[in-house]
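Right after this note come the structures.
One chain, chain A, appears in both complexes that follow, with chain B as partner in the first and chain C in the second.
Coming up: the complex of A and B.
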């Protein structure tokens, strides 16, 4: 389709959709344990900075630094989560929103993150080889870097959603669902809710971290404002619009919202007005998300069960 | 030191006025109003237009802001929040709606008033100078006193009038209030209008000091959330306490850490997170709202 329309920039849009939906799927997982998470922007920003610093200052390979960024985020989230996961409902939502702001301010004030100037000219991913066999060639030698990032993002997204689907249908997934419905009851029948909450939250932050990390590598720069409060809210909107009861909700939601925003670009200054009206209308008409539409229902009911 | 404390009280009065509206809406409907900062900005722009452009008296401008925002609040409650709260089983939907509304108001404000920073001429000139210990312009004193007057009026209204009593009953226990014959729909709408009105008044008052621009809605919302979290969500005394505490912290922090700039806010945020992990419901809140 892209070849026909000749709009090569759609590759970039689709890459962004794939990466943002990875981060959104993390938000979805925290919804799954019954918490409203508006703090994903904080972890995406942290992941982005970890990659930027590792690649520019320490010459670590991109392919190694992305998982490190993810692990760093999940480690930080364990420390933070241990205290804030005791909060519920609106209180958790508010504190995670504050967390996004904290991340931005930290990035502004620490010396290693270079303050408001940010870090730019991050090198493109180098080659990945095991025992001398090149698996992925050096990105800077490729003719079309956008296409390469597109494949990386999409393959990663498929892995993430496959993993998520597996997780939700596993024993831990069922336990998470019990948390969503009634924490006291779950705890009274012997579910270790504290550990489970932290595990879910750290997986969520891991996904936010790698999503942000790759996003930063594509734009080759990171600033404290790369991910801010509006982005955190957008991650939440992605999940809601796609539908919270469905594993693939974040993917559909991100596709819809990001593409919608992009297509509305032609309307100029009315872009935000139309966009927000559509979102409000969607909430009024489809409170359970796009995937609750009947055309999707047949295939999805069977998958979720 | 006296100067710092005076600034803190002055800032606190403004902040408390903003937080009051947010906490009122939360107490009545369990809605976290993301669009509160945008309502504040709208109030600021109405005052700017009436006082700055049409050159009417400042009092008229504040009244215009209050009335406009009360109407906006009532309409938003009737046509957006009420159907969503009725139809959806999850409380999260209302939060999503509020976020959508915040974007919507942002767009409307941008289209109507443009993106420029707007200010109005000073209400009264001159600076009060008390022995070089406290130096404060007269207009700041006036705005601070007005803000405190509005807060006191609001508390008296909630405490002694019939609608105020009804709203407090609603906040305590919706079902019980309904059984006692309180008209839930009407007072929810009134409460939302009142909350929006307080935001509008705060915006109108502050436009004469710091001006207003279309981008500050989000940051104001975040500050309001922080105040509400410090004091405890849904508690009126908590919102006032939270407002004054945040105002005082900011005033002291900006003086002591003047060389570090953003460090003040970072410290406030971090200490808030530590505070909340020890006392999740805030200073005066009920556990789990």
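Coming up: the complex of A and C.
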């Protein structure tokens, strides 16, 4: 479809959707343990900076620095999470909201992040080879870099959501649900709720980190404003619109929100008005998200059995 | 009879208020011991301290000789001391059977990563949990509601489910928090049978309760608290005849106002 229309920029849009939905699925996981997370932007930004610094200053391969960025984010989130995950409800939400702003200010002030000027001209991913066999060629030699990134993002997204689906349908998912519903009862049946909360939060941040890292590599630059509070809220909105009860909710939600915004571009100055009205209407009519629509429900019922 | 749980000089203060003052008693293996007392006697506080949901101010609780006070609730649960809740605390959006299956968590041999990749130990665990859950449903005669959503259950069934959740963890001692509260006579009698059956599964039962007739019927021994102090301990018959207990519940004759 894209080839027919000749709009190569759609690849860029779809790539973004894939990456943002990876970060959103992280947010979704924190919702699944009963925490409202509005701080994913912080980890996406941190992930972006880690890749930028590793690639530009230390010449580390892109393929290695992305997982490092993810691990860095999950490590940071463990430290932060250990204290803030005791909070519940709106208190946790408020703290996470602040996190994004904190990340931005940190990026502004640290020397290594180059302040407000950010880091630009990040090299494209080099080749990835194992035992001399080239698995992925150097991106700068490719004719169509966008297409290459598109494949990377989509493949990663498939892996993330497959992993997520497995996680939720395994015992870990059930335990997360038990946390969401009643932490006291969960601890009385012997669930180590502190550890489980931190595990879930660090997985969430890991996903935020790798999402942000690849995003930054595509735009080849990162600034303190690359991911802002608004982005954090968007990550959350993706989850809401897609449906909090469904693993694939964040994916559908991101697709809908991102494309919805783009498609409304033609309406000019009314874009925001129409867009907001649609989202308000959606949340009112479908409080359980787009996936609660009847057309999707057939497959869901099968899952429950 | 050997001692399974020892409460040694446990005191709990909330600021200036003394909720439990220097309480000591022992629970024997496989007995049903009830803690009773008027409102505000400190029963629930004591209960929370035994299950480590609350820290003691001083004193300690020993389970099979090991200190269990001031640990995290999940660690105490792992050792075999499991509580149920006063309110109808259950996993609301799961079915009854799923509630029970998830509560088998303690018995799992596999670690979390094993469950993620679906290792053979994990699959064995799941099979075992499902089998054991069905057995528990049968034992509590609630097989017919196994697939119902927990949030739709009536009061009596919720309480039974609470006990099922507790039993699923394979406890050595089960702490029941007011299992008869809000029940009519028939339901209470049904629950009394059920709790006695629980004891026959090699589980020691410690319960906190208001309902006198049920307590007298079910208990091997009774501990009475009043204003945070332990005022009596003994068999139901002894407690019924104990003057101090009668005073605590009915008030004493007061000469000064001519009663």
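List of remarks:
Here is the rule we use: the second predicted complex is superposed on the first by the 303 of 305 C-alpha atoms of A that agree within 3 Å, B and C clash if a C-alpha of one lies under 4 Å from a C-alpha of the other, contacts with A are read in each partner's own complex, and residues count from 1 in each chain.
In this text, contacts are C-beta pairs under 8 Å (C-beta built on N, C-alpha and C of every residue); 3 or more make two chains touch, one makes a residue touch a chain.
This one's a predicted model, so the numbers in the text were calculated from it and none came from an experiment.
Using the contact criterion defined above for the overlaid structures, shared-chain residue A:78 touches neither chain B nor chain C, since it reaches no partner.
Shared-chain residue A:270: touches chain B; no touch with chain C. By the touch criterion stated above, A:191 is placed in contact with chain C alone, chain B being left untouched. When both complexes are overlaid on chain A, the residue A:97 reaches chain B alone and has no touch with chain C.
When both complexes are overlaid on chain A, the residue A:145 reaches neither chain B nor chain C. Of the two partner chains placed by the overlay, only chain B lies in contact with A:237; chain C stays clear of it.
Residue contacts after overlaying the shared chain place A:181 against chain C, while chain B stays out of touching range.
Those residues of chain A lying in contact with chain B across their complex are 31, 36, 80, 83-84, 86-91, 93-95, 97-99, 101-102, 105-106, 108-109, 229-230, 233, 236-237, 240, 244, 269-270, 272-273, 275-277, 279-280, 283-284, 287-288. The touching residues of chain B, when paired with chain A in their complex, are 26, 30, 32, 34, 80, 83-84, 87-88, 90-93, 95-97, 99-104, 106-108, 110-111, 218, 222, 225-226, 228-229, 233, 260-263, 265-266, 269-270, 272-274, 276-277, 280-281, 288-289. If you check the complex, the residues on chain C that touch chain A are 51, 53, 72-74, 77-78, 82-85, 89-94, 98, 101-103, 105-106, 108, 112, 115-118, 122, 125-126, 165-166, 168-169. Taken together, the chain A residues at the contact with chain C in this complex read 166-167, 170-172, 174-175, 177-178, 181-182, 184-185, 187-194, 199.
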